[in-house]
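Please go over the structures that come below.
In what follows, chain A forms one complex with chain B and a second complex with chain C.
After this line comes the complex of A and B, so read on.
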């Protein structure tokens, strides 16, 4: 907390001469309870998540309902998105033999994460749902469960652990590599998967909020110099919004790609995992 | 100002009761994230992906079907070409046969015509011969009569009286002519042994 306070005091320094200090956004901007209080409050992000899910269910059903050999314009657009995941992620990562049964999983991840991310720049929401760590953790739990389950089902519990250590290593090194791989499979992967998505969305929203609130402060409460400065600040906010759009797409893609990669690793026969 | 900032942060923190460290998940959100995923996954796995994959399979089948159709059309065209060529060869053979027949028939006709023409020619020649013979006969008869009459006239002029009746009665002339034809009488010049004075 002291770090936030320190940051706040530093940014408020130049503004202090103009009157009241500038209050930079804190992490509190992510706490948006709508109904209820405390640990079981329904938050705004949950409502937006529900809206996104409902929107996706309706749109995907509507566009794929009458899927035909010769696609309609809507189906054609859906196919573009679907093929991106189906061929660009699932088939490339998992291989032509088994990819098809993981396409629904990966397509769900991609669309759900992408549209929840995009809420960060959607004018009515302006708050990425995935900026709350609960959602990335939920998605990661699914990936975690799926790839371990596949691995154990394929190779048996013992075989799965054996498969983590590459063949042909000197005996004395096996325990160390085994430990490292164990940490990778059970701690690093889920942790990074969830934190990467969360961190990007969280930080992006913080940055946008910072520029927007700073521009507003400069324009409304600042002196002449600060008012002039609000123009580049506002411009920066706009640039950050565009940049966030890119990051939001990229993070949805990265999450899906890594999920596919972990699944492919668990499917792979011993030795050709990497 | 340091104090204000700190104080305001503290106030802000106090105001947002329930706010947590960003890394601590809000449990309802975590659960709701799983629910969202579950709902969307069910829809995607049960409806969206099967629908699209069905369309893809149909598309592939349609393309492969089109290719098969094209192959069939090609095969049919090849068969038709073969048939056409066979028919063409047959037609050529028939044309050659007809030409041969025509040639043979032509030769036959020519031969026939030639025979006919020859027959006609010989017929014409024969009739001409006959005609000539008849004419000659007729000329011979009339000449005989004329010669008889002329010689009689001549003789009667020489003799001084008409010998016509007598000569006819006696058949002298005919006999003479017959002898002449038979070659018994040598033609003589009238004035050869007769005295020159008799003539004048």
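After this line comes the complex of A and C, so read on.
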């Protein structure tokens, strides 16, 4: 749904007396079914997610197919993006010895999450795909499976649990630290990874919608004073869009960085990860 | 005026992570100002700390909707 249609739908609500007519946006703005209904409905976010994925596949293939020693402008930009993930995230977090194996996974995460986030400020979509909890959960499940799989493959099941507790602790404290680390590895990490991405996109989109709908209400339904106030409100909406662009990039970076750090923690030798 | 008091509660609880994020980036800026060549080393650490502090605020947001 575009923002103008959204604003129109909100301002078309009957205005009550005494300035109580403004209806702040609710969480319903994220429920955008296209076909079907109930749990199996195809939503707008699903379609945009598919479009983003197709766009990424086509763009990455097209830009990397004719890679030359003297790069074209597109290849240069793609290499910049790739280098950012390869050197800035993977090599720094995982270490020079084993990072190359994980660069494809991390690059996929980074580009997919970045472009899905950017749908939040892309004029045609105007709704972050990752603002639906299902998408962050799916991304997180992959990270969860990968770092546990690596850890168990590397150290064995018993060794993996042993490696969670740092060496050199007094005996009586080991069960407590072990329990804490167990909770961290199996509950806190996946929970925060998914909720951080979801919460940022969700809250950011709510704030933008609130400012835009408030500005539209002030301009269309308000008196002279409210009409004048709609200018700073609209300006604030524009500022929030810019701020969201920053947050969307940052969250893609943070997700990739944390995924890399969890992988690095599972790869590390005993007690080496702290 | 009608509303939910948990909104105010969430607003108050967001102060903690806000201060934490501010302290983390203040420390990062201090570190880079003292030693500009340490920037690449400090950046992921600062972002990691920021992400962990921010997670608390995000938990609050989600708990607000669960109620």
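Here is the rule we go by: the second predicted complex is superposed on the first by the 254 of 274 C-alpha atoms of A that agree within 3 Å, B and C clash if a C-alpha of one lies under 4 Å from a C-alpha of the other, contacts with A are read in each partner's own complex, and residues count from 1 in each chain.
Note that in this section contacts are C-beta pairs under 8 Å (C-beta built on N, C-alpha and C of every residue); 3 or more make two chains touch, one makes a residue touch a chain.
Being a predicted model, the structure only gives us computed values, none of them experimental.
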First (chain B), second (chain C), both or neither touched by A:103: first
Partner chain(s) touched by A:71 [first = chain B, second = chain C, both, neither]: first
First (chain B), second (chain C), both or neither touched by A:258: second
First, second, both or neither for A:137, with chain B first and chain C second: first
First, second, both or neither for A:27, with chain B first and chain C second: both
Partner chain in contact with A:82 - chain B first, chain C second, else both or neither: first
First (chain B), second (chain C), both or neither touched by A:203: second
Larger contact residue set on chain A - chain B or chain C: B
Chain A positions touched by chain B in one structure and by chain C in the second: 27, 198, 202
Touch list for chain A against partner chain B, complex: 1, 4-5, 8-9, 12-13, 16, 21, 23, 26-28, 30-31, 33, 37-43, 45-46, 49-50, 52-53, 56-57, 60-61, 64-65, 67-69, 71, 75, 78-79, 82, 100, 103-105, 107-109, 111-112, 132-139, 141-142, 198, 202
Contacting residues of chain B [partner chain A, same complex]: 1-2, 4-6, 8-10, 12-13, 15-34, 36-37, 39-41, 43-45, 47-49, 51-55, 58-59, 62
Touch list for chain C against partner chain A, complex: 40, 44, 47-48, 50-52, 54-55, 57-59, 61-62, 65
Residues on chain A engaged by chain C in the complex (per definition of touch): 27, 88-89, 92-93, 192, 195-196, 198-200, 202-203, 250, 253-254, 257-258, 261
